[in-house]
Amino acid sequence: MGRIKDINGSGYPEWIGLTKLDIILDYCRRNSLWPMTFGLACCAIEMICAMCSRFDLSRFGSEVMRPSPRQSDVMIIAGTVTLKMAPMVRRLYDEMPYPKWVIAMGNCAVHGGPFDDYAVLQGAGRILPVDIYISGCPPRPEALLYALMKLQEKIRNPKVVNEPHFIGPDYSKPTKGWMAKGEEIPEVVEEYLKQGRGVDSSQILE
Amino acid sequence: MMSYVYDLMKTPFVLALIKIVILLVVAFTVIAYITLVERRLLGFFQSRLGPNRVGPLGLIQPIADGVKLFIKEDTVPIHSNSLLFRIAPIFTFFPSLVGFGVLTFALPWITPASKMHLFALADVDLGVLLVLSLSSLGIFGLMLGGYASGSKYPYFGGLRACSQMLSYEVPLTLSIITVVMMANSFRLSDIVTAQQTHRLYFFIPLIISFVIYLICMIAETNRTPFDLPEGESEIIGFHTEYSGMRFGFYYVGEYTNVVFLSMLAPALFLGGYDIPFVNDIALWQVYPQLISILGFCSYAIKSVLFAYFYIWVRATFPRYRYDQLLKIGWLVLLPISLVNLFIVAGIKLFLLK
Amino acid sequence: MQLLNKFLKMITFPDLLKGLKITTKYVSKKKITEKYPEEKRSYPYRYRGRIHVTIDTCISCRLCEKACPEGCLKVFPPPREIMKTDKRPAQFYFSQEHCLHCGMCVDSCPTGSIHHSHEFEITVFNTKELLFDKEKLPYDMLKKQYKWNLVENVPTKVEVKKKEEV
């Protein structure tokens, strides 16, 4: 048994079967995610729909909707977070015991959605550490299931977050448009990126 | 060496210890998996699949839930009475677990060496009384949990739970007392033996007691349609402030109660370990071991029926309002069970002698 | 007689038994659950998922940008010298986080280069990924990309027009 494999800097021989307790604990954590009963707006209807017979969130072991934040693991922010509701949302999040996760469901919870006004919080990410964003207006119930699976993936391997994550197809092939010919990005476009929406793109014609 | 071990096994103390370990392991497995069975069956009732992705057929789901509850952060609120807050969950969990010791699961298994009763842990004289007193101890858990949380809503939840369990304990006790009168004994194995010798299960003559027992059984364990103490979604229950394994104790305690009461019901009304349509005692003198195993199986099947009834009722009925609940308890069930008690006592005194 | 009926109803719980009977039926019935990640249902023909843009047919007219009620589309036409020969946009931004899936841009496009896909699983870890630029908006590869679409050809407006003409 001369061969020694270095696992995490600990010099155990290779024949000793090594595993981490974390693997088992994470398995248990990610397979019993109990969401909090917390619907804010219309996306809550889709959340209820995901609980019902056709989509059935219970297959993943997370149909146990807990009304109390003390017993829940996942907070599904389903709907518009108004400025008046925002402190309550934050307080409910603080009342949840660790480990806890947050799913922002719907465009309103992601970035304010269509309500770019004085009464709506522009994204739940401004007051909470959100793990998963689901875009859609509202998202389909399957999208919530997909997000739950993504969250399980994240609990298993937190590095998933840093990897470039694209939905759907593989975009790695080079594009053949105007950009691929070697021209540089116009400065106005870069400014657009800095300033966000609201830039009049007609400047580029001048 | 082996003979020494065998001698040691025969001492009552060691045998009792082994029985306790086996009973605990089996009881915990059953309690853990009844949660899974309930979730899957609820799914079937609602025409969907239950949890089926964690392990084959979702069999690892209860383990995952349990481990998750263990490693979850345990919060104790600042305004709580921290000692009572920590102790309270144990009060709901352990009394119902102790109750398992009183049950007799089969006719005695007679081994050639010893005449030990392998299927009963402590078949005490006043088994029924012990069971009743333990179930009333369970109230303390809910009441203390609500009181110690240091918040108004759990406090009200605890009060609600307390009054509900108190008011439903009376009809439950009265309905069980009719069984005791029929069997002339408080010992659970004697009650079963009485049913075996009469060749008549008690749910036929005591049908009213049986129905009252079924209703009070659900109300005692705080399950739908009488789950007001928890009130999962609308009204806040006594365990709102509990998290992690302390909440898990309440959760497990509820299911322990369910399993226990659905194991007690066959012994009282359905003839316990009696095999239907067979003269057990005559056969038992010929093939003792075969009959005791078959009797154990029939007991298991009968208790599964009651556990299924729990889930069936949960899937069907909506929740009662609180005043309706108390009205049913005090104005319907209590008078009926009292009248029933007098009628049964009269029949027992004057007709059966 | 009425009293007897009432009494019978009181002791036999007919309505409760009826409820129990109905729920029992569903235990053995076939379940309607779709096992989502493995089975995907066919979505309606005109289902409005995330918009896809065919950059090659785009003429940088910016009608979609004007039509969008949320302002989530931004089209940057190329410089004039290139515009004479190649009208494809210099850059095309689409912010999914504001999109309502209303379909205004699809209706307004004269060349039919914007169309709805059946993609709805728009789930990200970071909101920056919800801003789609020209490279991320897929084109030309629809049939290969979405194998689970039972309606394989998501028709563009041009194709529909052609069908109507025929």
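Note that the chains are named A, B and C in the order they appear, and that numbering of residues resets to 1 at the start of each chain.
Operating definition for what follows: a contact is a pair of C-beta atoms (placed from the backbone, for glycine too) under 8 Å apart; a residue touches a chain by one contact, two chains touch by 3 or more.
Since we're looking at a predicted model, the values are computed, not measured.
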Farthest-lying chain, centroid of Cα atoms versus that of chain A: B
Chain pair with the higher count of C-beta pairs in contact (A-B, B-C): A-B
Chain A-chain C separation of Cα centroids, rounded to whole Å: 20
Distance from chain C to chain B - Cα centre to Cα centre, in angstrom: 51
Chain A and chain B, separation of their C-alpha mean positions in angstrom: 43
Multi-chain contact sites of chain C, meaning residues that touch two or more partners: 31-33, 35
Touching two or more other chains - residues of chain A: 53-54, 56, 59
Multi-chain contact sites of chain B, meaning residues that touch two or more partners: 43, 46-49
Complex interface listing, chain C residues touching chain A: 31-37, 40, 55-56, 62, 65, 69-72, 74-80, 82, 86, 88-91, 93, 95-101, 119-127, 129-130, 134-136, 138, 141, 144-146
For the chain C and chain B complex, residues of the former touching the latter: 16, 19-20, 22-24, 26-27, 29, 31-33, 35
Residues on chain B engaged by chain A in the complex (per definition of touch): 39, 43, 46-54, 58, 60-61, 63-68, 71-75, 232-233, 236, 239-244, 247
Contacting residues of chain A [partner chain B, same complex]: 24-25, 27-29, 31-32, 37, 52-54, 56, 58-61, 63-68, 70-71, 73, 97-99
Residues on chain B engaged by chain C in the complex (per definition of touch): 41, 43-49, 312-313, 315-317
